[in-house]
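Please find the structures below.
Common to both upcoming complexes is chain A, partnered first by chain B, then by chain C.
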Partner chain A sequence: MAGLRKIIGKMRNTKYWELSGLIVLIITYSFIIQLNNKTFLSFANIINILSQIVVFGILSCALAFPMINGTFDLSISSLCALGGTTSALICTKGLYGIKLPFAGAIIVSILICAMFGAINGTIISRTKIPPFIVTLGMDITIRGVVYIVSNNSPVGYLPPEYLALGSSTIYKIPISVLIMALIFLIVSLVLGRTSYGRKIYANGGNYEASYISGVNVKGIRFSTYVISAVLAAIAGILMTARVGSATPNAADSYATTAISSCAMGGVSLSGGTGTVLGIFLGSAMMGMITNGMNLMRIGSNWQMIMKGALMIGAVFYSMWITNTSKR
Partner chain B sequence: MFDYVLEMKSISKRYGGIVALDNVDFSLKKGEVLCLVGENGAGKSTLMKILTGVVKPDSGEITLKGKLVRIDKPIDAYRLGISIVHQELIQIPDMTVAENIFLGRYDTIGPFISFKSLRQKTERLMEKIGIYFDPSKKMKTFSVAQRQLIEIVKALSYDSSIIVFDEPTATLTIDETRQFYEVVEKLQKDGISIIFISHRMDDIFNIGNRVHVLRDGKTTGVKDVENLNADDIIKMMIGRNLSQQYVTKTNKPKDVILELEDVTNEKIKSISFQVKEGEVFGLGGLIGSGRTEVLKAIYGIDSYEGKIFFKGQLVKNRTPKESILSGFSFVPEDRKDEALILNESILRNISINIIDKISKCGFVNERLENSIAENFMKDLNIKAPNQNAKVYSLSGGNQQKVVISKSLASEPTVILLDEPTRGVDVGAKAEIYQIINELANKGYAILMVSSELPELISVSDRIAVMHEGKITGIVEAISSTEKSLMELAIK
Partner chain C sequence: MKKLLTVFLVVVLIVVLCACSNASKNETVTTTGGDSEKVIAVLPWDMAEEFATAFIKAAEKEVEAKGWKFVTYDPQGDWNKCVQILEDLIVQKVDGIIYTAIDAGAAGLMVDKVKEANIPIIDYDALAEKGNSDASVACDDYKGGVMAAEAVMEALNGKEDATVIIYEEDPAIATSGKRNNGFTDYLDKNYPNVKYIKNRGLDNTRDGCRAWAVDMYTAYPEVDAIFAYWGDGALGAWNGLQQVGASEVYVVGYDATDEQRQLMLDQGPDSKFFASVAMYPEQFAEKTVELMGLIFEGKYERKGPEDIVVFEPELIRAKDYKQWQ
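Then we have the complex of A and B:
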């Protein structure tokens, strides 16, 4: 018994202890679904799940930066739509006269979203207006911009390179999934191993103390919004590629799913905590709920109940774990 | 048997691998004031948390007036007549006094709260201890000292026979403390038994009847106050003598390295002084006299007019970042709000000041980071399982050592200390004085703000005393007394 206590004691000190609940949950859930439908854990279905989480997985990464930094970004869903719509327009009909081949369209649309991110970042880092309000307002505004530029109609007839982004595979794994994996990897490296990442955590953990410790708190805060906008744009581009067209009301509900994934992954609303692995597992769990319940032929309404309940449960669990390790 | 209104027997509690209390026996006589004394981490707050139902002991039992009782949650303690007045008052600023006192227990006429009866009840309770505050005024309109007295009224409203006070005089002025002692004496006369957690000798010798000393989770002494002096108590607390608390200074100041000329801003006026390498320059004065503001101006947190010369050259640090880069570091007064990131590890708290220096191409050199932290933990004797332990789990003294490590990590030339031993227990205080002496020996220039006059006198070489934003005098520490400094502070 003492031996077990020692092992648990050692495991407690790793930063992944808080994820133990989520991991157990995923394993249990997979077990239950697999018993019901043997195809759940097949290679093809796993690829399926990963494909489904590409967009909001990347959005969770986008959200991670401002959230860990202690603030919030509610504008990611409309930025996602903006990225998809503008990139689609630029390489087809043209965006106010700007017409570029696929590669150029991607770059310009990312820059446009980055610009909006910079506006977010400037207002939030330089004024006392609550980030919640600023990004909420921007979300509505940007959504309006999306409707305007797309003229309220979807943008289709995408060039073949664009469609290839959404459908082609390498060794049976879709390129979009590989891109998502790459983004998770890069974000994990940046947040976990770089001095920049450290400063983001520090800022979120204690803004005042970071300032006194010499961190450029305003600059860091600003940069998180630019990064979240860029990642949201990338998510939008991949979403458009997979769907085959860009609709102006796209990604409407993705913000809440991204917030849930982050919360399940241990990112606290007050900032300073959270791991990218956790966010990935949170996104995976969300995807597994949809996929698994579909396989069991349970309707989408029940899936929503499941997702909501699970998010509350997961956050509660991770708070409970941190509290017991505090005592 | 019934002489003792409370008996806690064989109380043990561990948190993971750390033993907070080890078979502690604690008893309280009816109508007495018992001072519970001990360093931070000795177990006093754990013991009281067990008594007031916040925490459950691993083993042991509690008897009240001879009867065995179970205290599993705070409401159990209240119902048994035990209440606690916390150091950080738990009050709702925007509600009135009466509403705060009777929170959750409002008298009602039908579904409506009877404010009249609340008011009357409150006034009657206040009479008992000879104070009066308007029950219909909002809590936030009162001072900390007044709110503390109101908290006592709240304890009375539960018909408490045992009241625990947690460091109540820490933030009170001399007059407020005197009024507080009078209230405590009134409570005693009413037959209420009092447990007084305090570090301060004044409290113990002014109103204490007995003293119960804890060290490292064990009882080291339970004695009547009249047979003791301060040295006896300190010895029971830390196992050392009072005279060993301060370190004999061995530093030799050299040339002037920092000079302030007419530094002025909203809070400070025409500040001019010089600090030498290897010198400890103390800043004394009453709270609000501007000492912290002088440090903040030097460190770039506040702007100022005037000149600051560093190593002979004119400097103007506009942000903390610039200050750190040019060789300054700052240990702020309020480490929890201004210096530490509480839910991060010791390692990451120490490295944040120099995170860019130890990174190559943006990637943190984790091996270097670890060895820096290990060295500091060893040199400053920071007690923790390892450098990944979270800072919130450390005692005040160890937390302060982490902040000091942080400030030393950037290899500064000038170190600015603001109340470096505030909220630090006696043992760690002595260690910090040792650290300051060694730093001065090594040639660092140190500015130290302190409100503890004995500390100021024994640690500094020279002292500048401030009053209302101006310097009223710069004196040699050796020839200063508490009286002479106080005279300068109120000039």
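Then we have the complex of A and C:
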């Protein structure tokens, strides 16, 4: 018992303590669903959940960069659609004359999305226009671009190597899940173990103090949007591989899900705080909510109510724990 | 205090989940306690659509009548959501799936996955292009488009130089293309001087179609008739035209939902909401559930992608209200 108290005491002093509520929520939720449906915690279903959170998990990572930096990026859902659509077009019908094999298509589509991310970053870092407005406007603009390049049609008949990205497994674990895990690992290392990551937190925590300390705040801010766009493109490619086609209205509400995942995982909307573990747990929770309620045969209407209620509860608990820990 | 709050939140979670589970079971899961309680999952295009809601209600009745359990989920017109739901249904090992292929091109891949899990799957209305579902039920959408065009020209007394606005098809929705093709092919062949304009708005909701119709009437004040290939589109267009006082413009719609029929009844035999092409969701529901039963018994095997159960559409005119009221 003393040992357990010691462990809890140590944990309280870490940045992960605010995740305790989310962890309790996940455990409790899993327990309730498992009682109702024995397949919830089966290997097949866990893999199913992980497969389903690949897209908005990576989008949550994408959103984490600008959020921790103290800004916002609402254009990730249309960037996700753009990444999927352009990569699908380039390796099938061609995109304005550009036709490349699968690997080339991936690189070009990521570069296209990075370009839009750079536009976001330039406007936000160089002007006083609120990031919310800039990225909202870009979200609508990029969505229009997606509809134009795809001619309002889904892009299907993908090459086998593209489809393999969504369906192949290694030791029964889908490749897309492994890619997501790798991305989370890299993002965790970048944010947690590099000076660049610390600068992102510093910017988000206190922009003026960072500037006075000599941090290239504009450059950091710019880079977060490029990284966000690149990750959104990757999410779009994986989503296209999974469903077998790129649709122009893809990922339409995924920004909201990504925001929910980040918020549940402890990323502050005002910036400066947040952990990748929290983002992963938040994404997992969002995936488990839908999956669990489908297994319990709870209708879609009630699922929306549950998602909203759980999100508010988890974020409230996270904020409350953080505030009381500071006292 | 922290522990109390944690316990409180956990209790709230348990209560809410149990309440949702009971409430939804009352809404969507019913069983008559038959000998074989097979679970049949039915996925519409979007529950916000009247046709989909009517289909779901009818399918629920048919499934219950066979002593099976009925479950339904709403993909909200999003193929990604539909894939997610189908994957969950595979894990749940439901006994049968009836769905509509929101993305006809990509649906074939998901059908293969469902069939690998030994779950029979039937598509209706919008069909997977690959034609690999265990059964398919559809309406002759091309013929429906032709009927709609005939109705428009009947309303306009065969006006040779009429101007007709057509809500442009969504390339992602195969049925919309077939309906519009039937419509325009009829005009091209029989009334080559009729001017038709295809256009569509960004927002396919009823309100979006209302705004679209207002804009189209402003752009083309000489318009004689509007055709929309689905229920909400037609009703939205009608509302928009009434809003701007375009009482001389005819509207021909599709699906002939209860609301459209009521509108025609309220407006009377001279209604400018002239007609609507009827597909009967109850027919679809009855047939798909019947086929599911035959598949379970091993009495139905699809002969190939072209083997589709096709229903003929029917034209409902306002002036014929005595026949269909």
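What we mean here is this: the second predicted complex is superposed on the first by the 317 of 327 C-alpha atoms of A that agree within 3 Å, B and C clash if a C-alpha of one lies under 4 Å from a C-alpha of the other, contacts with A are read in each partner's own complex, and residues count from 1 in each chain.
Definition applied: a residue touches a chain if its C-beta (ideal position, glycine included) is under 8 Å from a C-beta of that chain, and two chains touch if they have at least 3 such contacts.
Keep in mind the model is a prediction, meaning the values are calculated, not measured.
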When chain B and chain C are modelled together on chain A, clash or fit: fit
Touching partner for A:Val215 - first (chain B), second (chain C), both, neither: first
Which superposed partner A:Thr127 touches (first chain B, second chain C, both, neither): neither
Degrees between the directions from chain A toward chain B and toward chain C, using C-alpha centres, nearest 10: 130
Touching partner for A:Gly272 - first (chain B), second (chain C), both, neither: first
Dominant contact partner of chain A by residue count, chain C or chain B: C
Chain B and chain C, minimum CA distance [Å, superposed model]: 14
Those residues of chain A which chain B touches in one complex and chain C touches in the other: none
Touch list for chain A against partner chain C, complex: 20-21, 24-25, 28-29, 32, 36-37, 39, 42, 44-45, 48, 51-52, 55, 151-154, 156-157, 163, 239, 242-245, 247-252, 290-291, 293-302, 305-306, 309-310, 313, 317, 320-321, 324
Parts of chain A lying in touch with chain B, wherever the complex brings them together: 9, 12-13, 193-196, 198-199, 201-202, 205-206, 208-216, 272-273, 326-327
Residues of chain C defined as touching chain A within the complex: 2, 5-6, 9-10, 12-14, 16-18, 20-21, 23-25, 27-29, 47, 71-74, 76, 78-80, 83-85, 87-89, 91-93, 103, 105-106, 108-110, 170-172
Partner chain A, residues of chain B touching it in the complex: 15-17, 55, 299, 301, 319-321, 323-325, 330, 332, 337-344, 348, 351-353, 355-356, 358-359, 362-364, 366, 385-386, 388-390, 392-393, 406, 410
